[in-house]
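Here's a structure for you.
Labels run A, B, C, D, E and F following the written order; every chain starts at residue 1.
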Amino acid sequence: MQDQKTALVISAHAADFVWRCGGAIALHQEKGYAVTIACLSYGERGESAKLWKQDGMTLEAVKDARRAEAEAAAKALGAHDIRFFDAGDYPLELDRDAKFALVDLIREVQPTFMMSHSFYDPYNTDHMYATKLAMECRMIAQAWGHNPGQTVLGAPQLYLFEPHQTEQMGWKPDVFLDITPVWEKKKAAIHCMEGQEHLWTYYTNLAENRANHFRRNSGGQAGGRPARYAEGFQSVYPRTVDEL
Amino acid sequence: MQDQKTALVISAHAADFVWRCGGAIALHQEKGYAVTIACLSYGERGESAKLWKQDGMTLEAVKDARRAEAEAAAKALGAHDIRFFDAGDYPLELDRDAKFALVDLIREVQPTFMMSHSFYDPYNTDHMYATKLAMECRMIAQAWGHNPGQTVLGAPQLYLFEPHQTEQMGWKPDVFLDITPVWEKKKAAIHCMEGQEHLWTYYTNLAENRANHFRRNSGGQAGGRPARYAEGFQSVYPRTVDEL
Amino acid sequence: MQDQKTALVISAHAADFVWRCGGAIALHQEKGYAVTIACLSYGERGESAKLWKQDGMTLEAVKDARRAEAEAAAKALGAHDIRFFDAGDYPLELDRDAKFALVDLIREVQPTFMMSHSFYDPYNTDHMYATKLAMECRMIAQAWGHNPGQTVLGAPQLYLFEPHQTEQMGWKPDVFLDITPVWEKKKAAIHCMEGQEHLWTYYTNLAENRANHFRRNSGGQAGGRPARYAEGFQSVYPRTVDEL
Amino acid sequence: MQDQKTALVISAHAADFVWRCGGAIALHQEKGYAVTIACLSYGERGESAKLWKQDGMTLEAVKDARRAEAEAAAKALGAHDIRFFDAGDYPLELDRDAKFALVDLIREVQPTFMMSHSFYDPYNTDHMYATKLAMECRMIAQAWGHNPGQTVLGAPQLYLFEPHQTEQMGWKPDVFLDITPVWEKKKAAIHCMEGQEHLWTYYTNLAENRANHFRRNSGGQAGGRPARYAEGFQSVYPRTVDEL
Amino acid sequence: MQDQKTALVISAHAADFVWRCGGAIALHQEKGYAVTIACLSYGERGESAKLWKQDGMTLEAVKDARRAEAEAAAKALGAHDIRFFDAGDYPLELDRDAKFALVDLIREVQPTFMMSHSFYDPYNTDHMYATKLAMECRMIAQAWGHNPGQTVLGAPQLYLFEPHQTEQMGWKPDVFLDITPVWEKKKAAIHCMEGQEHLWTYYTNLAENRANHFRRNSGGQAGGRPARYAEGFQSVYPRTVDEL
Amino acid sequence: MQDQKTALVISAHAADFVWRCGGAIALHQEKGYAVTIACLSYGERGESAKLWKQDGMTLEAVKDARRAEAEAAAKALGAHDIRFFDAGDYPLELDRDAKFALVDLIREVQPTFMMSHSFYDPYNTDHMYATKLAMECRMIAQAWGHNPGQTVLGAPQLYLFEPHQTEQMGWKPDVFLDITPVWEKKKAAIHCMEGQEHLWTYYTNLAENRANHFRRNSGGQAGGRPARYAEGFQSVYPRTVDEL
């Protein structure tokens, strides 16, 4: 029997979870959830430009550096666990065995909710591949005939976190989360991404502006909830409730 | 200061609220909300075929009959209040004064949430007109310069209730509400609609099938929450939360 | 009791019906339908550039010229009837009385199917207004309480005929009609539009290319039905059939 | 030369064809079509929960049971033939050889129309994979260079049958089929699905409600064709006709 | 004959043009365009909360204050002209005469391009009404029969500027404009909006983040054009070019 | 350092580039671009019906014939280069090595812009697969860790050229290119496609009608640029500009 609430974040590359849902990770961890992060690749080929500009760089050295950063960021967020699938990037590709390893993790975690990328991303096909995979493995984890005897998965929500250029990706948030209480943790995690200083300001600006949207939607011009930092998410499945 | 939670249902014709959100009305009323229903017309011209087939029928007689049915249904649901705007149907049309009367009601109720029709309805343009109106009057009710001194509206959610042929209307529910505890009340309200017996079975079938969707989305094949009757709604605005 | 099949074309401006569904009019007329054309305006302000370039032109003279052309085209197509609403164009606007006159016509014709413009047209707001009107008046014509005693309308299909730049209008044909047998009639009707010779070639090209689509969809690369001229239409409502 | 009309249903899992198009199968069979059903998998892993809850169950035993049910259902519907591809489920995957086997079947059947799942299904990626496959194999079957000498495929319509939660799948029916004459056969086929009694009522409710939509679209409030059971389908390709 | 390039911005409320396209106005003015701003209302009822919170405020006093701010902002941007239609807000409504006054302005300016709001805005129906109006009046201005003798309008692009919550409005930018050279002017114009200090930071953050998008789309990870501030726009009509 | 402007066309089958962007190739070549065409397959199985109807035809003979035609067409257009990937068609499939070969070509060309098929094509899954591939390989070519030391790709626009039935493919052009100056070259290239004479007229009609759209969008009814032949394209990514 499972008493603890849990969450599973499926991140195509090592750093994605920091920018896109670092606040959600830290906040739910503080609320007693055990949040596990699955990094399908290290982003070693496609998202490590700064490292590759150094002389004599090797693929393994890039992976090691990216892994260290991701672990530091996960720690800064207080995440319960971080797992690396090392499935390669640009392009990201998981074969049948790798998919089943992800299914194993889903069943191990039994997440209350899951998170992944937007449905569509014409700039980065790894991102939409990860989301496709998240839906497929969620389905396999629900199958009674997959590793019979294991506890099958229920019906966790899948939240799509914010992509880089939302309008180009057709991503539309239907829920805003107030991350003000954990902003310092997200900021610390962001600062672990040493090769990407140019994005620090970007994601700080974004969190401030999403807080404006939070305030608008919680109170209109009459004055809403005074959030200072927020994150937005798009839900894949309908909610089931006892009160609207 | 407002302590009580409230809701406002904007119904194009007198009977719409019964089929489409009778369960939500009864359920929230039981939970302590004061739910007000606004009937913009009686559906006297376009949704009263049975009455018009009687000899010597007049417009006033149809209105009276439809009003009586709607009041009986509202009572069966335990609704706090029902208001009639008598704005005419097929087509429904509200002039500036009538719009402002609806704004007055919105401000009087100060709803925690609002409800109306789907965005689109190629079978019934009154329905989509009512939704357009709900959005417009919500905006006016938020304006500090409209009747200065009155309490302006906050940012209530607008839920779009289920239209008759959902796929033709492009309506997509993002929340299912378990109405099992109040099904008998909804059934009683449905039975107040004497001219439309052929729809009684239709909406009972629908409530049962929506409960299947509730179960699927609350637990998948692993077995979800055992709802027996449910209603679905589409949210217009994003939610603002402290926990996903 | 109605034995004859009928159709009603609702055209925003006097010439629209010629280019967009002249073939369908002629073909169905040959098949025994009585096809009525409703021209909501003469296109006198916005679609009569050539006439306005003449010295001393007046609004009435333009209307007369456009009406004469439209009547000649209707005759060339063998249409049963053509009615002019003279509601003005750029912008087209029908008040309540004019709408009810259109409802009267719909009930008089009792169309087996109706035709109008695309849902969307950012170049010409009269076109989308006409479609909105067609849906609204179809609804009113179905109301038992509108002019009680008249025969109410059933549920005729509404076909949206082809707009000028289909992709910009989001128009998608779901049915292609072989108009080869009546092409000479459509050509004759097109030639009645003396002020718009530059469009003669355009719509001939289009009819030939739509025939290619007809062939593709009737037989693929294996070789389909040898249509030489075709028109495409988008259906608003689902069909009801006994065989697929 | 082919005189007989034929149809081909491509079903991801063994039971899909029963719920979603059992009526269409039985009806067209009665009208003289030879309807062939292709079951790409038995649904042995993902759609056989009840069997897996039994002690000592094996994959082969599940497959056998599901196959027997599917064969019984096909017989109840009077289907011409049922073929099993045993390609595995959760996830369903066909390699090049398996795809070509499906192409072989398409060419063998030379279907007047084809049927498969909705384009999109975030709950069940096997379903959308089957549709993708149906489109791909339809294309290959049309290629003159694939197994030269065989009769190539024409341009059969592909109907998408009704998924479980239509709005979540973005499925929109454009044709309703009256299955009243064969309802008892569909009911008998449904009752062959012994492990899924909870769905018997669901799909009976659905068939009744789709009949309401059939009536609405065949006659409006004026009273349409008195269908009591119906199924809905979405067409992928435009129709080609001689009369609207 | 017209030698000077011109632009026309159609703004629903007095301040909209500042936040949404202040950079485009200042930049094109510097490039030799004459940019005219049309403020359809002062935003006196719905976007002047701070003023209404003052004792004894009147509608005229609010209008005067908002007009002064808008004029100061237009001056800070170096705009060629600003015109006020005083058509009222919440709701904004233009009758036939007011529409024709807007048509007069369009013909007077003969804009090389036009600007207005997003197509859709469920928070603010005035915004989408202004866009609808811009399209309708653009069409009327093209009509040879409207005020015959005047120079008719050509086919200027209509750019939709950025709404407040882009994803909720379904707005998708297809062009980013580097406004770095005129940022100080936009900043000065923003600072004219004394009642809305909370938005100063918001729109500065936004301009910085749009510059990130500019850099990404001009050069990818390889390093693009070093814009520091940018604005995004959605085009309504296709472009016509001699080189891609 | 790269001084010359370049373009890369990714064509699923050998003949696609001729019909869909032959004008763009010839025009940009005349303007000093070096345009390279990548034919992923020869269309040997699925788009060579006429050849397969000859006795004793073999796959190699079809490939040779199609290659010769494509080379002749490329020459007629004055294209800089044409490369054949021979990856097979119906279905088209590129494994990891073949993808990387395409990445190599992209890096070799360093295109100012790229071209490929529409996002969606229910008639021809090879087409949408080619577009998916174009986006994926564009991403890989941007990765600093892919073949470190090579020059990485910038952010070239990806234009989607016109599919055969635009509305069925959901393709929407946002730019029209005047190809009048090179029409004779495109015509010559079209005439290289000896097996497809029935398409010569089709694509001539289309080019004439697209020129009408060019004229409309460059000048409205006031009279636009007098293009006689045009091609349309849909952009995947936003543009970045200094002037609108």
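Just so it is clear, contacts are C-beta pairs under 8 Å (C-beta built on N, C-alpha and C of every residue); 3 or more make two chains touch, one makes a residue touch a chain.
The structure presented is a predicted model; accordingly, all values stated were derived computationally and were not measured.
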For chain C and chain E, the contact-path distance works out to 1
Sort the other chains by how far their Cα centres are from that of chain A and give me the top one.
C
From chain B, which chain is the farthest off, judged by mean CA positions?
F
How big is the gap, in whole Å, between where the Cα atoms of chain A centre and where those of chain F centre?
37
Centroid spacing, where centroids are CA-atom means, of chain B and chain F in whole angstrom:
52
By the touch definition above, chain D meets two or more other chains at residues 49, 123, 142-144, 168, 173, 213, 216, 221, 232, 237-238
Chain contact graph, described as a line, ring, star, complete graph or other shape:
other
Considering every pair of chains, which are in touch?
A-B, A-D, A-E, A-F, B-C, B-D, B-E, C-D, C-E, C-F, D-F, E-F
Chain C partner contacts - residues on chain D that touch it in the complex
7, 24, 27-28, 31, 113, 142-144, 152-155, 157, 159, 173-178, 213-214, 216-222, 224-225, 227, 232-233, 235, 237-244
Chain E residues touching chain B in their complex are 44-46, 48-49, 52-53, 57, 59, 62, 89-91, 93, 122-126, 168
If you look only at chain A, which of its residues touch chain D in the complex?
96, 99, 132, 135-136, 139-140, 142-146, 148, 158, 236-238
Chain B partner, complex, touching residues on chain D are 49, 123, 164-168, 170-173, 198, 201-202, 205-206, 208-209, 212-213, 216, 221, 232
